[in-house]
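Following are the structures in question.
Below, chain A partners chain B and then partners chain C, in two separate complexes.
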Partner chain A sequence: MNPLPLSSQLKQLLPRGRILDSPAQLAGYAADALGYKSYLPDAVVIPADADELVGFMKGARQLGVPVILRGAGTSLSGGPVAAQGGVVVHTSGLKRIREINVEGFWCEVECGVALNDLDAALKPHGVFYPPDPSSGPVCTLGGNVASNAGGAHCFRYGVTSNYVLGVEVVLLDGSVQRFGGPAGGRGPWREDWKRFMIGSEGTLGAFTRFWLRLLPLPEKVWTLRATYPDLRSIEAAIHALVAHSSYPAAIEMLDPRGVAMVETSQMAVGLPKGSFMLLLEIDGPPALVDARVGPVADLLRHAGSNDVVLSDQDAMRQKLWKARKAAGGLLGQLSPDYVVQDAVIPKSALADVLQLVYDEADAAGIRAVNVFHAGDGNLHPNFLFDSRVPGELEKVELISERLMRRVIEVGGTLSGEHGIGNDKSAYMPLVFGPDSMRLQWAVPAAFNPTHQLNPLKVFQNRRFAT
Partner chain B sequence: MHPKTPLPDYFSNCTHCGFCLAVCPTYKLTGDENNSPRGRLRLWSEEAAGRLPQDKWTDFYTDECVGCLACETACPAQVPYGELFEHTRHDHVSAGRSKPPLALRLAAAAVARPAWFNLALLPARFIRSLGLSIHRFLFKGRPALLQSTAAYARELMQQHRPTGPRVAFLTGCLMEAAFREINFATVRVLIENNVQVVIPEDQTCCGAFQEHSGLAGAEPLRAQNRRAFLPLDVDAVVSNSSGCGYSLGKSLAPERPVRDVLAFLGELGPVRRERAGSRARLYVDLPCHLVHGQKAAGIPQNVLDATGYSWELAPNARDCCGSGGVYNIQKPENARAILAGKSAFLNEAEGAPVILGTSNHVCMMQWHSAGATGLVTRPYEVSHIIQLLDPGAGFAVRATAPASAPC
Partner chain C sequence: MKTIAPMQAERLFTHFLDPVDGTLCLPASATATDIHAQTAGHRLRFPLVLDPGATLREHTAAATHAPASCRFGPYCDNILGINWRLPGGRLARIGERVVKTTTGYDWLRFLLHSGRRFGEPVDYVLRLRPDCGFNIEARFEGDSQALRGCVSRLLHSGWMHWWDAVDFITQDAGSFVRVSIHCPSEEAPIFEQQLNRIAAETAAKLSVRHDAQPPLDGLPDVTVKTTPDRAISLAGQLAREAERCVALCYNGVVHVHLGEGEDMAGRAHSLMQPHIGELHALGGDWHSRWLPATPPSLTESQWLETLERTIHAS
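Coming up: the complex of A and B.
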């Protein structure tokens, strides 16, 4: 073990980057988007660039403390927090888009690039990167890859893992590994090891850069929204849409409390009070989508909506999506804190599980707001509470556990996109039996045998032992 | 120790979503979470809750904030960041945790007495009236030396007798003392558009100076402006500086909204200047206190069209230029780094001449400094949009009166 104090060791590892270690510098890094859960790190480092991150990782083993990677800190599962203390590595200095290869439909980006910055850079080239988590203005590709982020348009386009061609990662043994590259993404696992990296939640290594697959921008988009009086009719609409040959790019749902939240905010779009809203999009060649939009609107009406609005105008599209994507933030106008679950369920159980959410929350006197990726069955019940009121968090945790048990009964799973972090690790044994857990454990044990990287995440007792 | 005023409860609105990080100039510059809105809010609330002792780093990160309020626009939870920031800054200054530079403390004392301030800046007006620029912030212009805007407006009102809506005009402190030609142009443009201009002589500085620097003394100024403006029988109160307008708006709320003069003119549809054959190009930058403070959509398109120039928004027009009220004096290095990013396009911009137009004199000072300090190496002009609508001395009131008085 190195006898020097931590800050001196860090200075040796990061001659150009920044080292933060006074209490007020650590406070900003104590939480992710679950702001009420606080874990002070011992230090924070901000490497100046990719080379410095590599240099830091090469010497990090000697530090003898946990190492936690952090992108923009928008995780909703306690991913980038120092649950066992240690050094948080903030990747904000690695924000170069290194190459956009339009002919090859790929790009090479550093891990700290913000998702929407990449979108803006790609747009003039007529290409796009489909995964679109609602945190796009700020979340980083490093965080996206580490949590295998999803988003509204992932219903048709698929999640982050479908678009990662290659990952460069530094392991704690100091080796820089490159899994895949511009031509990656196929073959037996020897060729496609990067799949271990995607969704690894900072437990295997530090990503420095990625090669990402791009698609041509759709020529035309129709955005539709329909409102429904009750859960059963909106559920019928979702089933009909999923089975329809138009295959929408996105199928999103807001429940009446979500609708009320939007309508009383600066994002109001004129939705009827008390309604359930469905927001969807079809995209493709103009002739095709123009032919399809009528039947889709009919389908929405047939399922029970007498309020279907459709538009092919970009301004309307932006407005509707802005309201949908700001929903997580809008919750702040209702309540100081919230917990959001991320379970995925078979769509046949949608109405049943949502009813359970309402019943349990009402019985406990907790408000629940549902805004989620309905096409994928990826629920996001938000339970609102005030962490300053004793007992409220415990109530929410109890409801969450009951919900998870029901999710598993209907054949669902724990997390669709937010990751496990330390917020959902307690539910892991509910979903996975001991044999499955043993196999899963073998992966961090191979790449990060001492569990120095992001300990106490994913598995409750995965602890770094010096 | 200085008794701290408790922070308002709506602090807890922040859901930590991080949307504000994407727009924050100091976060973009440093990549340090503590130097972001979400980070600052966390430091203040942790300290208020007694979980974080007073720390020089909290003071440092508070001082780093430009006060551009871009984070308010980005925030879905509507956290009133500006109010919390002002509150905290004020507390830090009165407790000695933060000390504004001497120049600012002197200026804050001076602006509270407009007559002295006008006199003190007579040399600056004189030098500018010679067409010289001796300081990086002093953009070119020809202000009147002695005649006040109020006197000038009285004179033109007598001469032209407009019959349209009546407005009360905030002449400002620095604007009046150093950049008076912009006020004169504003009076001409308003009267040409058949607007009656009233200038309450007992008005004073809007208090923005104190708000930005955290110094005491804003309250008496606000009270005096309420006395000066609220009793007036006018259709609107207008300002030609988005920062001062935003600040006066807070003082006169809720009784009387303060309108940006360009927005007011937009509703009238101002007289158009003809510049046939001009090869000039106008790049429009939007002041933070217009779009993020007053929450205006921008400068009305018909107003920009009426300048007669071909125009476009400057790149990242909604992002801060680094001036931030008094930020370019408090944190000159950061302000310059922010400006470097914003102004780089001018080196390549098309147009002969290239004009950078905005609607706040403090932003004009900052934009001027880009050339004066070598960030921009080709010639360009800095102008207030109202100056580009200016008919000059020999004008006539427009023939057709507007249909109704907007307010």
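Coming up: the complex of A and C.
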């Protein structure tokens, strides 16, 4: 063990980068967007560039404390936080877009690039990178890859793992490894190691850069919004849409509690009281989407909506999205704390599981708002509570556990796009049996056997033993 | 938060068809014909087919992509879960039956094309797609410049999302571009209008076949992964030593069909030797169903041994 104080060791490892260690500075890194679980790190380092990150990782073992990689800290799983103390590595210095190759449909970016900055850089080239988590203006690609982020348009376009062609990662032995690259294969390796890296939540290594797959931009988008009087009719609409040849890019839902939240705020858009709102988009060449929009609107009406609004004009489309986008922001205003779950279920169980959320939350006196990716069956029930009120957090945890048990019973999974972090790690034994659990633990055993990288995440008992 | 007790048994997939969710679980020994028999009545399809008589296990052993990967991505994006037989004979559940997951490390994508070192697939959970009931196959013919122009126009617009396949095919009789479209019959004229526009812009000759079968090229002898902009020229080079090469243009994949003959392993090996350096530099790869996997490096061996110790302990 190095006898120097931690701050002195960090200064040796980062001659050009920044080191934050005052309580006020550290407080900004105590939590992610989950908010209510906070842990003060011992220090925060901001490497100036990739070379300095590599240098830091080479010396990280000698520090003898946990190392937590962090992008913008927008995750909703309690992922990039110092749950066992240690040093948070903020990767904001690695923000170069190194290459955009339109003919090859790929780009090369550093891990600290903000998602929307990449979008802006790609747009003039007529291509785009589809994953679109709602934190796009600030979230980094490093965080997106670490948590396998999704977004509203996953129904057709898929999640981050569908678009990562290659990963450069610094391992705890200080080696820099490249898994894949512009071509998206294995490279010289026998196995496709990048598959473990994507969605690994900072537990295997430090990302420096990625090669990402791109798609041509769709020329035209139609946005449609419909409201429904009850859960069964909106469920019927969702089931019809996912089987429809128009193949919507997004199928989003806001429940009556979410509608009420929006309509009693300054963001009100005039949705009928007590209604379920469905929002969807179809995109593509004008000739194709213009031919499809009529049948899609008919489908929405046929499922029971007499309130279908649609537009292909940007300003109006933004208005149609307003309630969906406002809902996320309003949650933070309405309640000191909230937990958002991320379970994915077979869509045949949609109404049943939503009813369970309502029943459990109502019985416990906890407000629950559902705003989610209905096409994927990716639920986001938000449980609003006040962690200062004794017993409220425990109630939410009990509801969450019952919900997760039901999710697994119907064939679903814990997380679709947020990751496990330390928020859902307790539920992992519901998913993995004895053999598949051993397989899971084998991965950090190969790359991070002491669990120095991001301990107490993914699995509740993944603890760094100094 | 309280600790949840570990499960005592694996939560294996059982065979099912969920027509609402568009998912199907069936044995890895099932063929595309078997899948079609189960799904057609629900107006669903599994589009990633190379050979209707080959099993799913044979498909994933031979290739990572199929022509319809242009629209739907590789096999690993369309196979959601696996019951996997570990080397000791026990079964483990890998992946899920839902379309999105970030629960734990992604063993599914790691194992799917890894050969038999870690065991073998027993059952697959497939993601199905709506069956629109109508297929179009278009063929562009012309000189090399015209065909490359066709591919560029097919891929570099919003239409690209709606072609099931855009393949550049090189064989003895010459080269052509094959476009496969799956749509409702009422949309067929819209697609044809766009194909005609591309033909006019590139001076390529277009022929269109309605209600065609999706492309079925058979299992490739060699599969190569490069970047999309290199796939056509690589297919041209490999075709000099092969019977037929199919470049899946958006995916940057080349399927090589060597043709009848002996020593398929030797032919595959010598065919690829001149290209390995460039492929690896790009993060690409190649493999042949006739050849064992490449031996791992020392670094990789250490990781593999750690994984294997765990897997064999099961």
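Basically, the second predicted complex is superposed on the first by the 448 of 466 C-alpha atoms of A that agree within 3 Å, B and C clash if a C-alpha of one lies under 4 Å from a C-alpha of the other, contacts with A are read in each partner's own complex, and residues count from 1 in each chain.
Everything below uses one rule, namely that a residue touches a chain if its C-beta (ideal position, glycine included) is under 8 Å from a C-beta of that chain, and two chains touch if they have at least 3 such contacts.
Everything numeric in this text was worked out from a predicted model, so none of it was measured.
S.K.: Quick check on the chain A-based superposition: chain B and chain C, clash or fit?
M.R.: Overlaying the two complexes on chain A (C-alpha atoms) leaves chain C and chain B fitting together cleanly.
S.K.: Would you check which partner chain A:275 touches, where first means chain B only, second means chain C only, and both and neither mean what they say?
M.R.: Touch partners of A:275: none, neither chain B nor chain C.
S.K.: So in the superposed three-chain picture, is A:114 touching just chain B, just chain C, both, or none of them (first/second/both/neither)?
M.R.: After superposition on chain A, A:114 lies in contact with chain B alone.
S.K.: So, A:175: does it touch chain B (first), chain C (second), both, or neither?
M.R.: In the superposition, A:175 touches chain C alone.
S.K.: If we overlay the two complexes on their shared chain A, which of chain B and chain C does A:436 touch? Say first, second, both or neither.
M.R.: Once the two structures are laid over each other on A, A:436 reaches chain C alone.
S.K.: Answer with first, second, both or neither: which of chain B and chain C does A:140 touch in the superposed model?
M.R.: Neither partner.
S.K.: How many degrees, to the nearest 10, separate the directions from chain A's C-alpha centre towards those of chain B and chain C?
M.R.: Approximately 130 degrees at the chain A centre.
S.K.: Spot which of chain B and chain C makes contact with more residues of chain A, would you?
M.R.: The partner with more contacted residues on chain A is C.
S.K.: Quick check on the superposed pair: does A:333 touch chain B, chain C, both, or neither? Answer first, second, both or neither.
M.R.: First partner only, chain B.
S.K.: On the A-aligned overlay, A:187 touches which partner chain: chain B = first, chain C = second, or both, or neither?
M.R.: In the superposition, A:187 contacts chain C only.
S.K.: In the superposition on the shared chain, how near does any CA atom of chain B get to one of chain C? Answer in angstrom.
M.R.: Once the two complexes are overlaid, chain B and chain C approach no closer than 21 Å between C-alpha atoms.
S.K.: Identify the overlap between the chain B-contacting and the chain C-contacting residues of chain A.
M.R.: Common to the two interfaces on chain A: nothing.
S.K.: Spell out the part of chain C that touches chain A in their complex, as residue ranges.
M.R.: Touching chain A from chain C are residues 1-11, 18, 20-23, 43-44, 73, 76-77, 86, 90-94, 96-107, 109-110, 113-114, 130, 132, 155-162, 183-184, 186-187, 190-191, 193-194, 225-230, 250, 252, 279-285, 293-297, 299-300, 302-304, 306-307, 309-311, 313-314.
S.K.: Of all residues in chain A, which touch chain B in the complex?
M.R.: Residue positions touching the partner: 18, 20, 22-25, 27-35, 44, 46, 72-74, 90, 92-93, 112, 114, 116, 135, 137-139, 265-267, 326-333, 336-338, 386, 388.
S.K.: Under the definition above, what is the set of chain A residues touching chain C in their complex?
M.R.: Spelled out, the residues of chain A in touch with chain C are 101-106, 126, 147-148, 150, 154, 158-159, 161-162, 165-166, 175, 177-193, 195-196, 198-200, 211, 215-220, 239, 242-245, 247, 283-285, 287-288, 291-292, 344-348, 376-378, 397, 401, 408, 411-420, 426-443, 445-447, 449, 458, 460.
S.K.: For the complex, give me every residue of chain B touching chain A.
M.R.: So the residues of chain B in touch with chain A come to 12-19, 21-23, 27, 30-34, 36, 38-39, 42-43, 46, 52-53, 55-58, 61, 74-79.
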